[in-house]
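Here it is: the structure, laid out below.
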């Protein structure tokens, strides 16, 4: 199982019945593949649909029905079309139960940076700032390090996405929860030791006695 | 991406059970304009139950015997935040006697304040009311040389809304002038109770016809008799 | 022809092709009766429809289709349902070409008071404050005096509806335009003299040489 | 009340004529999200005409060869006010070289700023962007202990919008994820040019299905080939 699949499978466990969930493009969107059949949720694509469905059969694509990454999708029965004002009204207004986003850095305060690398990559924040500021629960799904450099750092050096403590970090090596006291290591990845997590993490980790191995169903 | 799940069905709630949920003194956003597009069965159930002390937020208090007018007559309204009470002499009498507090808000400001509460904005900046008694006690903000009132967001403990049609997922459609405050209030109630005329199977309301996504609706009242 | 009919017929001349118009309840709503057949306009009922139509045939009334006064109406072909946010968005946003409203007082500045008489009548402002603050053109249609007391006054003693100069006052005695210089008498009513208008008006009137008799088709 | 009149029919405008209306340097609100729900024929006509210096306000600049990406490639965009340029490397290059100015705005803030411009509000009070570079140079307002940015309204000289269907009065319907910014931009352009896929007779779009009332639309583009 590769790193991204471990992460997606673990994040899927955070989703429960009846939630409205927004998955960012890339790795976060893989989470939908690993939802148990008996979990009933609605996915929001912030570009305009509640009730995002799977890729359509070949030849059945509708150019007016895509996800936020521009890929062809379907809409599940009971889906609703929404314009951008309603879409972000739901996000900012506390109606979105969970968002799963990628990250460039998360720091000891639980602050996320994920929208630009000054002088190098300026994609823009798109909907990320509203999602982090507004969603009831924010999960950052990312590989633990970027080319050997830790992405979990004492303080973000990249521009912040929001001055809000995100709720959970899920990597292939660890599940980490930002708290008032700092970053608490909750779980380690399959076959990973606490020491390995520590050495791949630039921020201090609080390790309590009950660190378990990540369930990856 | 594969999506195996979808959102849960609502179960239809009996109107008396819905009334039981609402505690004394709750803040109720109630849809309707002169009792058009008002959740009439829900109001009847609240009157039958007799628990009150409510703050109601609505366009108006309708007329005695109609819509919110029934709540006023039954003495269940402690405070009304509304734009108009001109066609309900009972509201005027209770306001003058001090039995009911009435906060008059310009209609466009009222709907934007509820929207702001529902979509997570910090307030509304409007020129409506500048230089009138509506301005009293409010912060004004100068923006590019023009003066605006800073009007606060409004949210409710419950939104009681009426709809033309719902599907089992709670998606709602409204008809003609029965839209009014309903779609906006659906955003701003901590708990949203919708009273549809008709309930249809999932798929019977196409995505483009949905005005209120079912994810906003907590309870659907069962079909009336 | 009674006073109200004179007023309604004169106001109707202010409406031209392609306008979006909001008529207040009572006297202003009579204006729709006197539009020439060749004038194509849309009427807005601020409670939720653009394209307000006549009263429906007996037995065809729809409880979900009324005007802002609660009376049964129809919708013309090409009508659009709007919620209250859209309705007042159109009003505040400069999309409403004209509103015709009743008045309790108008003063020398052109300011209108029409929503309460402290201690006596407190109906509430409903949509009036938004309409006066937002409409591109505001016409006040009212009888010239209330029980012998002039309604056009030096300064409103009743609470203002908006601190905006309205565009035209139409009564059965006169058409008066508020300007930078003050209230200008543009027309006198059928058979009415300038002197009669002056004595029924508490505010100063500017009378230029070209005061004509009101056309009342 | 009798209403004898009704609003005038629109005449269908040829796309090249619509492009001719738009002066150099105009502020254009352009609907679409990654070129979905974008007025593609209008954009092609602007590229064919070659007059530019535009400020465009849109969700994104799409990709080279698609939607707004074609305006960028043709060098017609002086400034872009957008939430995302990540999938258009040309926009990034032109921004870095200084050929194009890019103002990045959070997506939810962008749509509310356009809405505020369209519905006559003085600004938007949002918590989005607080504590980030988006806050720089902006007034903050404290409301009930929470900090909000005061974001200014946006209006355009022209709104160029795409729709699924129009009737002869200009009433518009949108489809699925092709709604996006279109219904909001229809409120905020001094002149609104709508590009529908289909034009149907008056009455073929029922009042409850109308998302943009025809009174907002100034020009309807004639049906494409």
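Order as written gives the chain letters A, B, C and D; numbering starts at 1 within each chain.
In this text, a residue touches a chain if its C-beta (ideal position, glycine included) is under 8 Å from a C-beta of that chain, and two chains touch if they have at least 3 such contacts.
Per UniProt, the chains are A, C = Acetate CoA/acetoacetate CoA-transferase beta subunit; B, D = Acetate CoA/acetoacetate CoA-transferase alpha subunit.
Fair warning: this is a prediction, and the values are worked out from it, not measured in the lab.
Asker: Minimal path length between subunit A and subunit C through chains that touch?
Answerer: 2
Asker: Measuring centre to centre, with centres taken as mean CA positions, what chain is farthest from subunit B?
Answerer: Between subunit B and every other chain, the largest centroid distance is to A.
Asker: I'd like the Å distance between the centres of subunit C and subunit D, where a centre is the mean of that chain's Cα atoms.
Answerer: A distance of 34 Å separates the two centres.
Asker: Per the centroid of Cα atoms for each chain, what is the distance between subunit B and subunit D, given in Å?
Answerer: Taking the average C-alpha coordinate of subunit B and of subunit D, the gap between them is 31 Å.
Asker: Measuring from the mean C-alpha position of subunit B to the mean C-alpha position of subunit C, what distance in angstrom results?
Answerer: Once rounded, the distance between the two centres reads 29 Å.
Asker: Would you give the residues of subunit B that are in contact with at least 2 other chains, written as numbers and ranges?
Answerer: 112, 115, 120-121, 126-127, 164, 174-176, 207-208
Asker: Check each residue of subunit A and list the ones that touch at least two other chains.
Answerer: Touching at least two other chains: 49, 67, 75, 81-82, 85, 88-89, 91-92, 134.
Asker: Every touching chain pair, please?
Answerer: Result of the pairwise touch check is A-B, A-D, B-C, B-D, C-D.
Asker: Using the touch definition up top, name the residues of subunit C that touch subunit D in the complex.
Answerer: Residues in contact with subunit D: 17-18, 20, 23, 29-30, 32-33, 35-43, 49-55, 67, 71, 73, 75-82, 85-86, 88-95, 134.
Asker: Flag every residue of subunit B that touches subunit D in the complex, lowest number first.
Answerer: Going by the criterion above, the answer is residues 112, 116, 120-127, 141, 143-144, 146, 148, 150, 152, 164, 173-176, 207-209.
Asker: Give the list of subunit C residues in touch with subunit B in this complex.
Answerer: Residues 45-49, 62-70, 75, 81-85, 87-89, 91-92, 122-130, 133-134, 159-163.
Asker: Using the touch rule from the top, collect the residues of subunit D that touch subunit C in their complex.
Answerer: Listed in rising order, the residues are 1-8, 115, 117-121, 167-169, 171, 187-188, 202-203, 207-208, 210, 213-216.
Asker: For the complex, give me every residue of subunit B touching subunit C.
Answerer: Checking each residue of subunit B against subunit C gives 33-37, 59-60, 82-87, 92, 95, 102, 104, 106-109, 111-112, 115, 126-134, 164, 174-184, 211.
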